[in-house]
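In the two complexes below, chain A is the common chain; its partner is chain B in one and chain C in the other.
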Partner chain A sequence: MTTATPAPTQTDNHHRPARTARLRTPPARPRRAHSVDRPRRSATLTVLSSLVVLYTLVPLAWLVVSSTKTQADLLGSPGLWFSGHFALWDNISQTLSYDHHVFLRWLLNTLLYVVLGAGGATLLSVLAGYGLAKFDFRGKKAVFAVVIGAVAVPTTALAVPTFLMFSTMGLTNTPWAVIIPSLVSPFGLYLMWVFASEAVPTELLEAARVDGSGEVRTFFRIALPLLAPGIVTVLLFTVVATWNNYFLPLIMIKDPNWYPLTLGLNAWNDQAATAGGQPVFNLVITGSLLTIVPLVAAFLLLQRYWQSGLAAGSVKE
Partner chain B sequence: MRVPARHAVKGIGLLCAAALSLTACASSSTTGSGSADAASSASAVQAALAKGGTITVWAWEPTLKQVVTDFEAKYPKVHVNLVNAGTGNKQYTALQNAVQAGSGGPDVAQIEYFALGQFALGKSVQDLGKYGAAKLSGSYSPGPWSSVNIGGGVYALPMDSGPMALFYNKKVFDKYGLTVPTTWAQYLDDAKKLHAANPNAYITNDTGEAGFTTSLIWQAGGHPFKVDGTKVSVDFTDAGSTAFTSTWQQLVSGKLVAPVNSWSDQWYKGLGDGTIATLASGAWMPANFVSGVPGASGDWRVAPLPQWQAGQSASAENGGSSLAVMKASANQDLAYGFLQFANAGAGVQDRIKGGAFPATTADLDSSAFLNTAFPYFGGQQANQIFAQSAKNVVKGWQYLPFQVYANSIFNDTVGKAYVSSTTLTQGLKAWQDASLKYGSQQGFTTG
Partner chain C sequence: MTVAVPPARSRTTRRSGRGWIGLGFTAPFLAVFGLVFLAPIGYSVYLSLFQDRLIGGTTFVGIDNYRQAVDDPQFWEGLGRVGLFLLVQVPVMLGIALLVALALDSGRLYGRDFFRITVFLPYAVPAVVATLMWGFMYGTRFGLVADLDHTFGITLPDPLSPHLILASIGNIVTWEFIGYNMLIFYSALRVIPHSLYEAASIDGAGQWRIVAAIKLPAIRGALMIATIFSIIGSFQLFNEPSILRPLVPDSVSTSYTPNLYTYSLAFNGQQEDYAATVAIIMGLVTMIVAYAFQLRGMRKEA
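Now for the complex of A and B:
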C-alpha cells in the first residue's frame, strides 16, 4: 500500500506528526508495502501472540471474576464466569476489616518497605551509576566486575546467609531486615550506569565545569533532568521487586504486625489448611486483587517513561 | 506434589515410650531431690507470673487468642506476644533457623506430636521435669501424654488430640442406599457401589498423605517405626502394614478415591457437594466442617472408625499438638506458667468453647462435654464417639526422631502409587529405604 495521498483511512495515524515522532520520512515519499512501521502480517505470529495474550490475561480475568464471589459461590460456581450474586463490594469491605483491619496494616507495611527500600535503592543506583559512568578512578573495572557478578546472584540465594548475619546483629523481625537488603539493586545500578553514559553528554558536564558549577550542582541541575527516564525505569523495577518480595520477609519476619501483603495473604490462605482454622478463600482472592491494583496503576501512569527508559542505549545516535 | 505444611497439619501423636517406661519416669522424678527441685521451680513459676514480663508464643492454633486474653486478664503484669509463624512444617523450619542462629526464637512453640521427637532429641526444647510436669500424667489421655514423654523427660504439655472417627455424608449414604461401614472391607464395598451409581462421587479423597497412611497402619496394629535410643528401624512388612496395603491398594487401583488434595478448595467443595462421601479423620475436624463447609450443615454424621477385623474397636490418633518451652528462652519460668494455664488450667475450657478437642481426661470424661449436641451433625452427641475412640487408641506406636523429614519425602515415594503403576507396597518400601538412608546420614544406627 502506498501512502502518497493522505487519506482518512487506516493509514491515518501515520500522518499525525504532532502525536508521533516517528514520522521522520516526508509523507510525500512513496513507501514500501512493508516497513518497520507496518510489517507484513503473519497468521502464525498472530496466533502465537494471541495464545500468549490469553495465557497472560486468563489468570487476571479469573482473579477479577473470582473476587466478585462469596466463599460459598467460589466453590459452587464455574471459575471463569460470574455467579448470580455480585459480592465484590462486600468482599472488599470484609477484606479491609477482617481480623481487626490487619490488611490495612500490611498495606502500610508494604508501602513503608517500598518507599524506603525501592526509593533508597533507586537513589543509590542513580548516584552510583552516574558516578561510574562519568568519572574515571582507580579500580573502576573491579567495581564493574563486582556489579556484573552481583546481577547474576539471585537474592533468594543470599536470603539465608543474610538472615544469619542479621540475627547476630539483632535485626531480624524488624522492618530493617526487609529494608536494608532491598536497598541493594545491582541491576538498577547497572542500568543507570549504561543509561547515564548514553544520556548525559560528557561535553555538557565539561561546559558546566568551565562555567564554574560544582559537581553536586552539576549533578542536580544538569544530569538529573537528563536521567529522568532512566530513574523512572529503575524505580519501577525496584518498586515491583519490593512490592512482590516474598522470600526475604518470609525468612526475616515472624511478627504478623510487620508482614507485607504477600506474607499476610499467604497466612490467610494457610488458615484453610489448619485444624480449627477458617477458610477465607474469598478474602485471599479479593486481597490479591487489591494488592495488584497499585502496581497496575503505576505501570499505566508511568508507561511513557518506562518505555523510553527501556529502549535507552539500544540505538547509537 | 503438595505443600508439606498441608500434610503436617494432620500429623500424628508420637507415642515414644511404652506405658512401662512412663511409670518409671514418673516415679523417678517424684523421689529424692527431684521433688525439692520441682517445688522450688513451681514457686519460681508463681513468682514469675506475679512479677510479670513478656513472652513470645509461636502457634497457629486459632483458639489460643482467647486463652492469651484470659491469661493476661488473670496475670495483668504478663504480656503474651502471640505470633502465627506459619502452620506445621513452615513454622518448624523457622524454629530450626532461630535455634541455629541462636536468637529470634520464641519462648513457647506449638509442636505437633509427630515432630516433637525431633526437637527433643535436638535439645531445642526444655525438659519440663524440673517444674514437676511428670505429676500431670494422670491429667491427660494416654495417647497424647506418651507422645510428650521422650527418653524419660517431659518435653511439652499436650494441647489437643485427634482420636480418629469416620465422618460420613448421611444424605449421600441415604440416597445411594449405603450402609455405614463397620469394617474396612464394607468400606471398600460402599466405595464400589457409590462410584458405580455416580461416577462423579467418591467414598473419600486420597492422594497420598503420610499422616493419614501412618494413622491407618497404626490402627491396624502395625509398628513400622521402632526407636530405641539412637537405634532406629523401619519395616513396612508387618501384619498391620500389609492389612492396610491390601485393602487400600484396591481403592487406589480401582480409582475409587478422589484425586483431590486435602485442604484444597476442591476438597472443601467436594465435602460440601457430596462428591467426597466420607472422611476418616481426627476429632478436631468438626470445627473445620463448621467454618469450611457451612453449606452441608446437617448432612454429615460421625461414626466409629471402621475396623480391620470385624468385632474389634481399635483406633488411632490423627493430628494433635503440644506446647513446648524453648531451651533458648530467657524466660522459661514465665513460659511454663503460660503452658500450665493454656493446657492444664482455665485455658482448656476456652479452647473447648472455640471448638478444639481436648487432651485432658477431666474434660473428656465430663458429662457436659460428652452430652454436647452438634447442630452441624444433626444434633448428634459426637464427643461420645471421639472420647471412646481416645480410649481405644492402640498402644505402643512410635514415630521416627526425624519424622518431619520422612513425611516430607512421602509424596516422592508412596505418592507414586497414586499416579502410576507402582503399588503401595513398593512405595512404602521406597519410603522405608529413603528414611533409613537419611537416618544413618544423621548418625542413627539403622537396621
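Now for the complex of A and C:
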C-alpha cells in the first residue's frame, strides 16, 4: 500500500472550519458573520437530510438485526428488533459450514474473480488511460467514441453472443468466462483518462525524456505515483462491479462449485421455493451480511483516496 | 525495454515519434475490448439474420426476426414497462440525490461527512443482497410490512402484488443508487470556484439564487452523465425483477423487462437468434434515447 499521496489536482479550496468561524469572526466584515465560506448550520436541513439517511439505514439495520435470529425467530419476532435469543455466532458458523462449507468455496471464487478481473481491469484502464491522455496517435478520437458508445449496449446484447462464443471455445463453466469480460471497464478507462491528463504534467514527462529515461521507466517512476489516487478509485469501483456481479456468472456458470457469492446466496434463497427444499433464510441473511461487510469496510477505510480521485475525475466533465 | 527518444518539443514530432508508444499503452485494453465488446456485437447482428428451423436447419431470413419483434406484444409490453420506470424512477432518484448533494455542499449540515458516507453505503451492497433484503421486508406474512400491519392493526397493500411490484422494484433501485448519483453531483459541486459564491453573495444573491444561477449550470456535465447512465440502467433492468421472480412468479413474468425476455428466450427457450434480435433493438433504442437526451441538453446550453 502506498502512503497517502494527495491528488495534485484536488481543488479542496473550501474547507469550512465552522468552529473557528464561530470563535473569531473576521473583524473586516462584521455584518457577514456567516459568510458563504462559513455558513450557519441549519437544523431544518439536517433533519430533512436525516430522512434520506434513515431510508438508507433501515434495510441495513434490518439485515444486521435479522442475522442475529434463528430461522424460527425470523418468522416470529418484529423485524427491526432483536428476539430474546442472540444467534449471530451460531448463524455465522452455520453459514460457513452448511452444505460442506460451500460458502467458503463461493467466497474464494469471488476473491479469484475480483483479484484477476478487477485487478486486470484496473491495470488495462491505467495503461490505456495514460496512453490516451499523454500521447497523440491516429484513431484516438475513434477509440473514445467507440468506448463511450459501448456503455449503452445492453448487457444481454453482449451476454448471449459472448456465451455462444465462449461455449464454442470451451470457456463456459470455467472461471475464465467470468474473468475475461470483467477485464474491460469503460468507466475505468474514462476516469483514468481524465485523471491522467490532469495529474501528470507533460513537462515532467518531457524532462524525464531529456534525461534519457525510457518510456516504460518514465511510466513506472514518474507517472504511476502521480496516478495513485485515480488508481485506487478505479480499483474500488471495479472491485465493487466484480464482487457484486450477478448477470455474467448467472449465464456463464452452471456448476455451483464455481459460483460467486451472489449466485450462491440467490440459490440458497430459491431453495425455499423448490419442492422439498429446506428454507434457510437465516443463512441467506447472515450470508448477505458477510458478503457486504468487506466492501463496506473497504469503502470506509479508503475514503480519502477514492474521494479525491472522483473529485479530480469530475473536473473535466 | 527502453526506447531512446530525442528531445522533442513540437507537437508534430511527438505525434510521429511517439504515436506507437501511446498505441502500445492502449493496445492491451483495445484487444480485450475487441474480444468482449466488438466481436459479440458483430456476432449478435449476424445471429439476428438467421433462424433455426425444424426443417432446413439454420436459415438466412434477412430482417424477418426484426419484423417478428415489431409485432411481438410481449416485447412492447416490456419496453413500455421500462419506459414508465424511466419516466418515474429516474427523476425521483436523481432529484433526491441532487438535493442531498446540494445540502452537503451548502455546508449547513451538522455532521456532513457522516451524511455523505452513509448515503453512499448502499452502492457497496450487491443487487442480489439489496433485492433479497427488500424482498424479505416487503413480505406481508413476516417482514416489515407484516410488522406494520400487526402494530397498527391495518392491512397495507401488498408491495409484491402485480400492480405494485414495479413501484417496489423502483424503490429498490432508488435505494441502491441515490448515494452513487449523489456522489457524482457532490464531486462536481466541490470543484466550483468559491469566489463565484462570494461575488454573488456580495451582489445580494440568496442561497436558492446561487443554486439556480451558479451551481446547477456548473454541474450540467455531471447531471447529463448521471441521467444518461440512469437511462441506460433503466432500459437494462434485469437483476431486481429476475431475483424477485421465484418469490412472486405471478407478478413478474418471463418477459417482464426486455432484458429478462432476452434472457428467457436465449437460455430457457433456445431461441438465440430471436434473443439476439431483441437485444439489438433494445441497444438501438437505448442509444437513440440517450443521444436524443444529450442533444437536447447541448442545445439548451448554446
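List of remarks:
In this text, the second predicted complex is superposed on the first by the 260 of 317 C-alpha atoms of A that agree within 3 Å, B and C clash if a C-alpha of one lies under 4 Å from a C-alpha of the other, contacts with A are read in each partner's own complex, and residues count from 1 in each chain.
Here is the rule we use: contacts are C-beta pairs under 8 Å (C-beta built on N, C-alpha and C of every residue); 3 or more make two chains touch, one makes a residue touch a chain.
Computed from a predicted structure; not experimentally measured.
When the two complexes are overlaid, the chain among chain B and chain C that reaches more residues of chain A is C. In the superposition on chain A, A:256 contacts chain B only, with no contact to chain C. In the superposed model, A:281 lies in contact with both chain B and chain C. Judged by the touch definition given at the top, the superposed model places A:225 against neither chain B nor chain C. Applying the stated contact rule after C-alpha superposition, one finds that A:173 touches chain B and leaves chain C untouched.
Look at A:201: by the touch rule set out above, it reaches neither chain B nor chain C. Of the two partner chains placed by the overlay, only chain B lies in contact with A:72; chain C stays clear of it.
Of the two partner chains, chain C is the only one that A:214 touches; chain B does not reach it. Touch criterion met: A:164 reaches chain B and chain C at once.
Common to the chain B-facing and chain C-facing surfaces of chain A are residues 74-75, 160, 163-164, 251, 270, 273, 281.
Contacts from chain A toward chain B in the complex involve residues 72, 74-76, 160, 163-164, 167-168, 170, 172-173, 251, 254-256, 267, 270-279, 281.
Residues 11-14, 16, 18, 32, 35-43, 45-46, 48-49, 52-53, 55-57, 59-60, 62-63, 66, 74-75, 78-80, 124-125, 127-128, 130-132, 134-138, 140, 143, 146-147, 149-165, 180-181, 183-184, 189, 206, 209-210, 212-217, 219, 240, 243-244, 246-247, 251, 261-263, 265-266, 269-270, 273, 281, 284-285, 288, 291-292, 295-296, 298-300, 303, 307, 310-311, 313-315, 317 of chain A touch chain C in their complex.
Put simply, chain C touches chain A in their complex at residues 1-5, 7-9, 11, 14-15, 18-26, 28-30, 32-33, 35-41, 43-44, 47, 96, 100, 103-104, 106-111, 115, 117-130, 132-134, 136-137, 141-144, 147, 150-151, 175, 178-179, 183-184, 187-188, 190-191, 193-194, 197-198, 201, 210, 221-222, 224-225, 229, 232, 235-236, 238-239, 243, 246-247, 258-259, 262-263, 266-267, 272, 275-276, 279-280, 282-283, 286-287, 290. Looking at the complex, you find that chain B touches chain A at residues 3, 5-6, 9, 58, 60-63, 81, 83-87, 90, 94, 97-98, 100-104, 160, 162, 263, 265, 268-269, 272-273, 282, 284-285, 287-288, 291-292, 294-295, 319, 354-356.
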